[in-house]
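Structure below; questions to follow.
Naming follows writing order (A, B, C and D), and every chain is counted from residue 1.
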Amino acid sequence: MQNINGQLSEEKVFKDPVHRYIHVRDTLIWELIGTREFQRLRRIRQLGTTFFTFHGAEHSRFNHSLGVYEIMRRIIEVFQGRPHWDNNERLLCLSAALLHDVGHGPFSHSFEKVFNTDHEEWTREIILGETEINQVLRKMGEDFPQKVADVIEKTYSNKLVVSLISSQIDADRMDYLQRDAYFTGVSYGHFDMERILRVMRPMEDQAVIKQSGMHAVEDYIMSRYQMYWQVYFHPVTRSAEVILSKILMRTKHLYEAGYEFKQEPVHFYSLFNEKKSIEDYLRLDEAIILYYFQIWQEEDDRILRDLCGRFLNRRLFKYVEFNPNLQMKEWPILYQLFHEAGIDPEYYLVVDSSSDLPYDFYRPGEEEERLPIHLQMPNGKIRELSRESDVVEAISGKKRTDHKLYFPFDFLEDETENATIKQKIKAILFK
Amino acid sequence: MQNINGQLSEEKVFKDPVHRYIHVRDTLIWELIGTREFQRLRRIRQLGTTFFTFHGAEHSRFNHSLGVYEIMRRIIEVFQGRPHWDNNERLLCLSAALLHDVGHGPFSHSFEKVFNTDHEEWTREIILGETEINQVLRKMGEDFPQKVADVIEKTYSNKLVVSLISSQIDADRMDYLQRDAYFTGVSYGHFDMERILRVMRPMEDQAVIKQSGMHAVEDYIMSRYQMYWQVYFHPVTRSAEVILSKILMRTKHLYEAGYEFKQEPVHFYSLFNEKKSIEDYLRLDEAIILYYFQIWQEEDDRILRDLCGRFLNRRLFKYVEFNPNLQMKEWPILYQLFHEAGIDPEYYLVVDSSSDLPYDFYRPGEEEERLPIHLQMPNGKIRELSRESDVVEAISGKKRTDHKLYFPFDFLEDETENATIKQKIKAILFK
Amino acid sequence: MQNINGQLSEEKVFKDPVHRYIHVRDTLIWELIGTREFQRLRRIRQLGTTFFTFHGAEHSRFNHSLGVYEIMRRIIEVFQGRPHWDNNERLLCLSAALLHDVGHGPFSHSFEKVFNTDHEEWTREIILGETEINQVLRKMGEDFPQKVADVIEKTYSNKLVVSLISSQIDADRMDYLQRDAYFTGVSYGHFDMERILRVMRPMEDQAVIKQSGMHAVEDYIMSRYQMYWQVYFHPVTRSAEVILSKILMRTKHLYEAGYEFKQEPVHFYSLFNEKKSIEDYLRLDEAIILYYFQIWQEEDDRILRDLCGRFLNRRLFKYVEFNPNLQMKEWPILYQLFHEAGIDPEYYLVVDSSSDLPYDFYRPGEEEERLPIHLQMPNGKIRELSRESDVVEAISGKKRTDHKLYFPFDFLEDETENATIKQKIKAILFK
Amino acid sequence: MQNINGQLSEEKVFKDPVHRYIHVRDTLIWELIGTREFQRLRRIRQLGTTFFTFHGAEHSRFNHSLGVYEIMRRIIEVFQGRPHWDNNERLLCLSAALLHDVGHGPFSHSFEKVFNTDHEEWTREIILGETEINQVLRKMGEDFPQKVADVIEKTYSNKLVVSLISSQIDADRMDYLQRDAYFTGVSYGHFDMERILRVMRPMEDQAVIKQSGMHAVEDYIMSRYQMYWQVYFHPVTRSAEVILSKILMRTKHLYEAGYEFKQEPVHFYSLFNEKKSIEDYLRLDEAIILYYFQIWQEEDDRILRDLCGRFLNRRLFKYVEFNPNLQMKEWPILYQLFHEAGIDPEYYLVVDSSSDLPYDFYRPGEEEERLPIHLQMPNGKIRELSRESDVVEAISGKKRTDHKLYFPFDFLEDETENATIKQKIKAILFK
């Protein structure tokens, strides 16, 4: 395929279940997709452990990244020729959309917690470091990789461009809500994206929505709200994630304690030692993780062995409601009883809390400022969404938190040992 | 969850994108799903290398197996109380539907070709051997596992039961056509299953379709036809499969030649030695395969290294039309030229042929006899489908074959060495 | 088709775009569908003048009535065998669901306002009077028609039965939201009905929803909210309705003034004279109305002629925001100016207000008490929905009203006469 | 809304369930939609009597005409800038697409048969005569109406333009298959139009399809085939049409015989007298027809009264298979027996035959030559579809005919009179 001014000689299309077709005309985009760092996203699931709850959720980040790119492409089509829109930013927007998640590793959430890494940092490294992606981006100019990284990190000077990929209604969110709904099969997650795109308008600092499209945006906000509670924070998914985190913690602990693994966990060394190595990081994908989990099922360490078996064979922890703020007294009691029952509470008694803020207006000075959604009124004025929409106002700024206590119920059921203690535990848990 | 006469105390449901919900009421089924052999199907993709062509096709055999079970459950609901239907076969049908694919390994097609294994045999072993599945099945009676195996192997005495899972219109096919269409996103693969189920009737030897549903069946046959050519036999998918097979062949060859792998391929030993071991077989899943492919990217053997890199980073072979029957003379010439160009033709020059018979009436004595679809006419008589349907008659018994020649175009493009020979090769390939 | 104990010898199905199939097994239901009073619903659109805004909204009340019946059938399937459910109420529920709208006339909303009729009263008359429906119902017992009427009028003793057809989450609403969304093509109106049905439970006084289904109910409430503002109260639809009402008012006025119509409006006489006649009422359908509107395009009366032309050829009134409470002073000025401009304000200057209460908890003593939705908590207790759901709480009890002023902009544009007055009018309207 | 070079100041959209949105940017198109002749299409159902079989099929020709326009708009978008495409034909194509059905009257099929009219002729008259449509079209040039008429009549010099609206794969067919499938709710009628549009290419004489899109075209041909037999030729639909035709025949007969109608059927006079009058023709819509059918239920003529009651209350004729070619002898016997039984066979014994040719290659000299579908091969050559596609070849040129005999079964059931004769009739019909 020859290039004609950066265009492919013939448009390439990907069949996509969510957007029907994904269209690629730019050589740059086509080459980025072909890099090994981008292809690696095929081996990382978009929704981590969610497939344990919704068996359809087996789609990869490759899948989602193409989708974000496609939405960006359509937004730019709408912006074409309008005031405030500078078409020189086009390829920058498309590249940033495609690459915004490229630093994700397998089960990022758990890995970041345990190993103190950050997928956003890795995204930056992959874009700026010695990678195929960097090589392709540099064809657009020496400073192009840095610009792409800046857009993803929200430090780029053109705030409109940043807002298209990181705001409360951006290409990223619009793709994942629809895509995750499609693959899980839930009936939430649908909203009229075509309409939203049609009423998006470029402004100096951000994209705004014509007021006539407000109801489509309300619907989108509600989809987001439902997806969080029905899918993303599902307690079964979190149970698998709790186990995963505990496996990683145990491995790290064993390594630090000088434990001898039957097979050296070489892929983890740079994580254990907190040494950054792009090469090592890029080797980490879900296949590697699952390989180790499988062989660790035969390790001598009882805890590691047990937890890996639970993860692979979906023998998850059970859960009860547990509010650590209200149930402060119960916690040390349970902790002590688990100890006495011979069930290490460090690994087998876990509180997990999830919380979400479905929509927020701007609260300057807060840790993570969230750009609010702005409507463009018929008279041209700009109004923040929650001032116009009852529904959004109702849920705006309201953080909801859900606390659960996870534990291996099968251990407690087995009363061949420590029967009395286990009965006490169960009495507290299921009172 | 306690059992009440083999029923769960509360129905369990799985959210499924294709059938909306999958309903489980029987303890037997619930326990089978929970076995490690069944959970392992989560780590085996339904469509092998198809995800390289259709990025949505990342769904697992776990996913499909639940779907076949659900369709069987609905068929039985329709059959309930009708003549020829013996409700004592109910749990047998459901178990066979759920387990029919349990012997599949990763990328079965390639593995079977190279290592001379057979997933159907493995299914049998897993059902009858020392497995959790066998243990659960035995709760229904000592001969129950054998009965399940018989149904799957089509040797069970009640032919009606066999036909529900292995005929030209069975629960298996009805699920995969719809499911594969859903996950790839293609617009083929849709047919009115609800109608087909409503007009299915049990007969002594097989399920038949009331004639009033003939058009829905035609539509199903056409879906099948389109899915084969648009999805299952897609040349890009086959390119990835060709590479995969060649990796396996190369590994086997190296092992037999006494090559020293940097890391011992222990998971492959029983395959290399053609020793059957359920334990070893069950360890093989796609994660393991991808783990090896990744580390083999750093092997000394140039061919193994190259092929693994191609597979992981989607640097696939290109293809041209090539009919081995018509182009017999070209083959040895190409083979020789590849040799001369230093590109081992054993691994880099591959003919792949796919062929399909979208529908067939019964032809006794042929290798794989296929049970035809029968219609029940308003007068009660039975007629074979292609005698009633013009469309089906038209494609009935017509085998279509597609031949392609695969090769690494990038090697031929690189003219730093053997330029003249490579030009000759290209002249032949692209004449 | 012979009856076997009230069952058809073979199930009948209707292909339905919303529920896929509508299943009829009871002779009673089949015969009700065949009556002329029920068939007449084919000639009455479900959404009145909405087709002027959404051209797909051409579906009839026949269509919707079958849908409500089907949902009821599925609810009863779920209730089968559960406590509080008396299966003797089955046919009563099904009949009431099917017939709940049978008293609707063409464009009921406008007719009821102008002629002071009430479709609920007509439903009662049709069920109890000398009709084919009454004859069919009486086969179930002399008091059966009365029971059906009672259920529809919410006076039936079994409140559970009443709630299935008249509550904030009943078979009627669940059908129309989905159906109207389907035919208009809007992306609102979708919710997971299958899930809601699965978690509905019969209680003494009403159907409740298991708490695990709360999010599906939230989604349903939001659908309802969106459908009201996006579809049902669409200002263009209301413009057509305003014109329709004015046609009816004008006709009535002319009749009362002794005007001689070129063709006698015989079909309207009982309405003009407020004499109830089932026979006359049943003759009124949309075809009849449109027939008159067509011939009235050639009447001598200028206003009638003009309004009918507007309706048939979609020359609708334009509108501006207008709050009659806040703009009290402007109203008489406009009214006077219209007079002066020779545009009769009685017919050509119309304020229309729509308001909706998307969800309400119980407020005893209010005009139209609305049964709230109740959740059944895991501990068996019952809680009102808005106490559990933030989103529903947010919109609960909040009445939203939209006021518009409608007028014929084309009259004002034409400045051949009364130019100065018309300019004044426009200055006020578009200030 | 002001015009800027023939463009609306702001794009108008219609929400459409099939194409999601219909986009209008040209003032010409917007004004054509607003004419009374086009608005009249709202009162004419797309599928005539099909709503008696599929209750969702209540959509109008207005609905379909907008859809054809939208597909044409998208085709032109794909053609833009390609060889053989002259963008000066754009508005002509869009106008012809929008107006191609504007001459349709209510239940055209039956009317044309009985009154010897032709909707294509009426389309021509409406475009060229004194109508609002003609006035709007003339703004584009005095010869523009004639050009539009020529395109619709297939006599226009640019055959490419003609083929877009009248070929075996044109905007008209692509819309109606999808639309009729959507509104009836059947699962046939789906095909990947987006793909077909993407691979359509303009050629000198017609639009061709790139060979890579062949399977999408096969799917379209199969959809067409299925829709014909499942929807368009459904025997229940035809039963209603048979009754309708007989009503029209009876009315004409009575009029010619000097019968005095209680209300003069003024709307029919020009049809009875075969005088063409656009004004009269435009008054005829389904509302008018249904109005007459209703009042004729009270006519003295027993046959007219009965038939109208049947139509309005869906008391349709039953049918049996009957091949007039094979059963030549039975016909006069049945005819005679009906006479003897006092059931006028002229109106109550009707043979109806439907036949379809799902796809045809070109057969010069035949009555209605049908332009075949051509594929553009990778080498640029053009091949006729059935030479490339097995499936299409299989059904190509094969005419299938279905014969039914319709009669009022209720008359035959009633054995209070002529019992013996009726038994004889039934013996023949149901032998």
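Here is the rule we go by: a contact is a pair of C-beta atoms (placed from the backbone, for glycine too) under 8 Å apart; a residue touches a chain by one contact, two chains touch by 3 or more.
These figures come from a predicted structure and were not determined experimentally.
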Which of A-C and B-C has more C-beta pairs touching across its chains: A-C
Chain whose average C-alpha position is farthest from chain C's own: B
Whole-Å gap between the CA centroids of chain B and chain C: 52
Intercentroid distance (Cα basis), chain B paired with chain A, Å: 32
For chain A paired with chain C, centre-to-centre distance based on mean C-alpha positions, whole Å: 44
Junction residues of chain D - those touching two or more other chains: 20, 186
Chain B contact footprint on chain D (complex, rising order): 186-188, 190-192, 195, 215-216, 218-219, 222, 225-226, 229-230, 390-391, 393-395, 398, 400
Complex contact set, residues of chain D against chain C: 14-18, 20, 34-36, 39-40, 42-43, 51, 54-56, 58-60, 62-63, 66, 182-186, 283, 285-291, 294, 312-314
Chain B residues touching chain C - in the complex, by the definition given at the top: 13, 20-21, 194-195, 198
